[in-house]
Amino acid sequence: MIFERYDRIVFAGDSVTDMGSQQPVGEGLFENVGRSYVRVLENMFASYYPEVFLRITNAGISGNTSRDLLERFDQDVVSLNPDWVSICIGINDVWRQFDSPAILDSHVLPKEYESNLTKMIEKVKDNVKGIFILSPYMIEPLREDKMRARMDEYVEICRKLSNEYGCIFVDFQKMYEDYCQIRHSAYIAWDRIHPNQIGATLMAKEFLKYCDFDYHHEK
Amino acid sequence: MIFERYDRIVFAGDSVTDMGSQQPVGEGLFENVGRSYVRVLENMFASYYPEVFLRITNAGISGNTSRDLLERFDQDVVSLNPDWVSICIGINDVWRQFDSPAILDSHVLPKEYESNLTKMIEKVKDNVKGIFILSPYMIEPLREDKMRARMDEYVEICRKLSNEYGCIFVDFQKMYEDYCQIRHSAYIAWDRIHPNQIGATLMAKEFLKYCDFDYHHEK
Amino acid sequence: MIFERYDRIVFAGDSVTDMGSQQPVGEGLFENVGRSYVRVLENMFASYYPEVFLRITNAGISGNTSRDLLERFDQDVVSLNPDWVSICIGINDVWRQFDSPAILDSHVLPKEYESNLTKMIEKVKDNVKGIFILSPYMIEPLREDKMRARMDEYVEICRKLSNEYGCIFVDFQKMYEDYCQIRHSAYIAWDRIHPNQIGATLMAKEFLKYCDFDYHHEK
Amino acid sequence: MIFERYDRIVFAGDSVTDMGSQQPVGEGLFENVGRSYVRVLENMFASYYPEVFLRITNAGISGNTSRDLLERFDQDVVSLNPDWVSICIGINDVWRQFDSPAILDSHVLPKEYESNLTKMIEKVKDNVKGIFILSPYMIEPLREDKMRARMDEYVEICRKLSNEYGCIFVDFQKMYEDYCQIRHSAYIAWDRIHPNQIGATLMAKEFLKYCDFDYHHEK
Amino acid sequence: MIFERYDRIVFAGDSVTDMGSQQPVGEGLFENVGRSYVRVLENMFASYYPEVFLRITNAGISGNTSRDLLERFDQDVVSLNPDWVSICIGINDVWRQFDSPAILDSHVLPKEYESNLTKMIEKVKDNVKGIFILSPYMIEPLREDKMRARMDEYVEICRKLSNEYGCIFVDFQKMYEDYCQIRHSAYIAWDRIHPNQIGATLMAKEFLKYCDFDYHHEK
Amino acid sequence: MIFERYDRIVFAGDSVTDMGSQQPVGEGLFENVGRSYVRVLENMFASYYPEVFLRITNAGISGNTSRDLLERFDQDVVSLNPDWVSICIGINDVWRQFDSPAILDSHVLPKEYESNLTKMIEKVKDNVKGIFILSPYMIEPLREDKMRARMDEYVEICRKLSNEYGCIFVDFQKMYEDYCQIRHSAYIAWDRIHPNQIGATLMAKEFLKYCDFDYHHEK
Amino acid sequence: MIFERYDRIVFAGDSVTDMGSQQPVGEGLFENVGRSYVRVLENMFASYYPEVFLRITNAGISGNTSRDLLERFDQDVVSLNPDWVSICIGINDVWRQFDSPAILDSHVLPKEYESNLTKMIEKVKDNVKGIFILSPYMIEPLREDKMRARMDEYVEICRKLSNEYGCIFVDFQKMYEDYCQIRHSAYIAWDRIHPNQIGATLMAKEFLKYCDFDYHHEK
Amino acid sequence: MIFERYDRIVFAGDSVTDMGSQQPVGEGLFENVGRSYVRVLENMFASYYPEVFLRITNAGISGNTSRDLLERFDQDVVSLNPDWVSICIGINDVWRQFDSPAILDSHVLPKEYESNLTKMIEKVKDNVKGIFILSPYMIEPLREDKMRARMDEYVEICRKLSNEYGCIFVDFQKMYEDYCQIRHSAYIAWDRIHPNQIGATLMAKEFLKYCDFDYHHEK
């Protein structure tokens, strides 16, 4: 596995990352780390690699756009001295364009999104072992859907920046598209965004593919 | 307007009709009639036709399938001696097929749906001035969506039975499909089923088209 | 319709405007815009004119007199750069004179009321497309009622200032007086002030008369 | 004073009598007796006549019409073996005619009201020292108000039956009409029905006029 | 009656005065004035002298000793420009000596009590129409009770200062002692301090004796 | 110690015994046994005699008079097959005579009290190792207090019956009288009945005097 | 994988299985299935084998001993017609012996435990595809611990019966013992019984070993 | 007894000391002093030595390590001018090493612990009559348990410092080890740390051994 004993991984993001975690950052005992894919990951690491003590920190806050996350990135991510950083942002940048079409200043357009994400990457790239860029997504297999189509533009920005900066790119959009060939989005999330625990597990499973994670590992 | 002074209209249905109404039936003071299209209709009748005293009764219960509604139809609808009956059922018949695919006994298939709806119509058709069949719907313009496609089968059953029995057919599915050409479903309902107040108003507006409702009526 | 795509309308007022809206101003998702005539208006605009994206902002705060509203007018109205401003204030100016007769400093007398309202109009008149003055009211058809009689003085001030400044004057007092010829005030509001949803719809209906609103509009 | 040591007085009525009393009947410790004029009366009796131990029982239930009260009269009043009975009912009989005009079966018309009240009097008249009939009322000085005018018909029925049966008639309607010459109804009750503590005190004061109550009594 | 139209009376005190009033001072609508003797007084004034509009302000705060009240006296009493001031303090000064005997710094001894009360009187005596000194009390008829005996020392200080400064002295201790000849303290207050509504009425009745209050007054 | 391994002791009583215990009987885990002297006893037994496993059952119910306790005695005490029974009842029999003087049927007079207590003793005396009669009490050192005086009559009945039936008599009244020579009742219970934890400890200490309890016992 | 499309698996047990599931049985939407290893299993099945639609039913109830479970087994397990049954019971049988040593009738001793478990197996063995026996456990690596030692007796009964009846035996005790070589029990459960989400994942991981579950399965 | 009239004893510590006490320090009325051994001690002092008025102050805060306690020691302990100080700290210093192994900065290692404790002793040693050092503990008789073994190191530091500074050392670890020879830790604390009321009593009993406390003392 790519992570080493005592590595600290900070997961930045919005409600999809947050899901009830302690604000602004949560880790350790009780429900501090929330109920999102971040906790499923912590459960998997601790269960399959008990001898590798990883420090998992949830820095997600519900409702955040990339603009919001950038504003608190120094405080909530950089200052924690993470060994690895994971960023999953952009859903609200897009969503507001569709659920609040007349509130223009709540929309974060692709150009700003790219700028915001670039700044975040720049802030940490020299001080961490690796950066995960987790794509925003809509749990919708039909690309003709206008919001899905818009989301795809943001996914592509993630892919492009990941390539430029050598980040690890996790394509949640693609993962959900595949999953929806078998089960309908209603099985995971009635609003096509906030996953239930099955969705959280799917996202953790996808994340683990990029971690050299061995399910049959024996300490 | 087709309704006359002191007419009682009973709206049977599921959560889309219910939306917080008193259980099992609600009417009159306070929030008894809930917050769905039923209340918007009551507001419209009372505001534009104050001299026509209509009795609006909400008999919707969240989560009901046509199987559930049929079971309580005598008690919650027939026994109230309505002058008009409105039935809006079927969404949960379909939804469970997609969000609970392995719980087979929660699925109400088209054949049973047609049978259930027929029985309800039969129970009241000879004793009322008119029956409204409000189609189930998914606020989704893409017909390729599997759940939307399935829902369309149920909409067609509604249309067919309305024709056979001379019911007034209100096609919410068509209304929402048109609306989604302009605004995304996220503007109305994140889960594509439960409308916000704008959706409730859209549904009331559609219903009124079949009531010979005159916005410029003067008493 | 007089409103254009992306116009922002800010509704300033007291509890009649507020009715549960986010404090100090609310708009957009969830229940932020409250449950008053403001939400009914938003529902109507979005349902009958879906292609005209209006931004509806509720700046009502329960309990406000014109004195209170003036104090926060720069912050809660002017600074939002509205295209249109609607002001509905004065009920509490009058009410306190009757429910708290010995607390003299809670009474806002006609002279101060006129001054306060004038200042608000002056603050925005040069920067907006139009100003709506919505009259305060008491849902009471008998003009001999002392509080109704007092309220009428304030309504007249609204009418006079609307004329002077070219504001659109919406006479809620007249509307309710007419309505009470048919239904008793108890049908709308037990306290003759805070309307239920039917009253909110009546007020929205009245407002729309001054907006060149076409119920049969086709985009 | 007309009451004697250990007399039990049972006050039957609706929300105006109830006001938070224990259901279905309340007396004694804590807040069991509610916060209506009944408690003010108990306070007055205990403060001015401490040596006369009266048992005060509140049998009011919110929302009751005379029809509802008659139905529970045997259980909640007669079976308690009162020495004195006080009945204050009728407000909801009238109110529903104005706030729920289309729900005809919620209206208790004058003829039924008279019948209901007569039956109650008949049930206790031979077994008690005296019966108080407290008139229903609307805190509204203008008799042209349609609900006030209707209420007056019920007040007259109370007066008539009191005369026929030798009951003590307490005219709350007249008392409030007089009071409203000086203070507006908003000072007592925003809905013109449910009094605040000042109104409760006014009603107790009126009641005491018929009790040969001496404020300067010395034991 | 000694009070004139629009007089403002401010009641300063501890929990016996406070009883749920708005903090730090309460008056007017809703439950702002609390449930103590202050509200009973307001009810009596408004019911028996409706034409005299008195402004009743409750400045009691639970748990206050004379030390606490002195500290906030300028802010909560003097700055309100009262026409009349009523002070009821000292119970907690004594109580802590018995329920917290080892927490010496919570005890306010007689010397300090006299000094505190004197300072309060001095602060307002030249600017008001009159000052009421309401004695602290223990609802206990047996003077041998150690706390009662101690309380009596504080009552005497009140009496003495009232004489010196020409304040109106209301002796609650004497009133309760008399009442307890007939009913046990358990009828009024299980803790012999915090009265129920009967006790509040007794205290108001006692207060009114010093106000030239006429129960048979006709406006 | 008089108790043997696995002995079950059932404590019957009112609120003084109950204090939050599970209803109608509580024992074992969590807060089931309540917070009264019963729990202090359990704590003492388990701490000083850990090798003697006693089963402590709290059968107290708040508000019970001896009449109430007798009615449930078979169900809540006898049917549990206790090895020892403790009865502490009578406070409410007396209290109601003073706090509810006009509700005569809530008073349990000495004659009935003696009868009730006798019946309880008779029900268990042949099947238990011993019966504890814990006296009712008022935490009041002055015997002239009318309620204290009345309580003393009930204490004497307890003493008499204990003698007749060979029960172990624990005189809480005497214990509290002694304690009040040093500290005021306000230190233990503001209402002179419901003890705080110090009072609960005092009562447990008194109970232990009759158990041959050795604080210096070594297993 | 051993499970086939539409197989229903019912998990019977105590709080370790229950963890907030709907009572008495839960499945499907929302949090109905609780937060125990049962949900982790459902998440894993749905994520790694999306094409195999399994019906997962949680029949755990907190606090159950084998005696309690046997009593409701027909109703809550057999009548559901499961394809597979999983039983995890016995922890409370043991625990009560240590936390409630004097409440002898709450202890379920090994002999009764074996009998209870045998009866459950007998009830379903002829009608299901397979039975899982999940051992009770204490998250305690030191076998000298008295409760751990006692628990081991129950684990052995599970092993023995599994052998006799051909059930699939999952040894949670052994799994936790191994895990505790690396991490302390405090990391999983402060009470050494109720696992956090990491423990739930460990238990699911152990269960999956007996299901022919392929983490790299591709549909 | 070693304590004298009006002595103030301040108990500093973590959740074991705190248990619901007022924050940051609690004493006197109501539940201010919490439900830990501190309250049991107060109960014992007040019950067995009523004539010695001790002031018991609880300065425990849940979750504190010695690092946290040191930081607030001046404010919460020294500034209170105690006559005696009791310190019970260290459990969380150890616990975090086992329940949060990867959050290294939450671990307080022995060296820092000794330093922290030394600083606290130094701060008060010259101004108090005596210092109690109450050992941290784990309610676990098996010394092979890794957390117990670690805790023992901290206990030894306490013992060593107590010797050096002449503090009174109370060995809770030893006390619990002995107790667990007879009853299992599950009888006292499911998490082996937070005692129930029996554990609180055991700790108070142990503390009293060092106070020259005479259970048979007569004032």
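In order of appearance the chains are A, B, C, D, E, F, G and H, and numbering begins at 1 in each one.
Methods note: a contact is a pair of C-beta atoms (placed from the backbone, for glycine too) under 8 Å apart; a residue touches a chain by one contact, two chains touch by 3 or more.
What you see is a predicted model, and the numbers here were worked out from it, not measured in a lab.
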Inset, instruction - From the options G-H, F-H or A-C, choose the one that repeats interface C-E, i.e. more than half of its residue-numbered contact pairs are shared. - result: A-C
Legend entry - Pair of chains joined by more contacts [C-beta pairs], B-C or A-C: B-C
Inset, instruction - Averaging only over C-alpha atoms, locate the centres of chain F and chain G and give their separation in whole Å. - result: 45
Inset, instruction - Indicate the whole-number Å distance between the mean C-alpha point of chain D and the mean C-alpha point of chain E. - result: 33
Legend entry - Inter-centroid spacing, chain G versus chain E (mean Cα positions, whole Å): 66
Legend entry - Junction residues of chain B, two or more chains touched: 99-101, 183, 187
Legend entry - Complete list of chain pairs which touch one another: A-B, A-C, A-G, A-H, B-C, B-D, B-G, C-D, C-E, D-E, D-F, E-F, E-H, F-G, F-H, G-H
Legend entry - Complex interface listing, chain H residues touching chain E: 6, 8, 27-29, 53-55
Legend entry - Footprint of chain E on chain C - complex, ascending: 99-104, 106
Inset, instruction - Give every residue of chain H touching chain F within the complex, in rising order. - result: 39-40, 42-44, 46-48, 50-51, 179, 182-183, 187, 197-198, 200-202, 205, 215-216, 219
Legend entry - In the complex with chain E, residue positions of chain F that touch it: 95, 98-101, 142, 144-147, 183-184, 186-187, 190-193
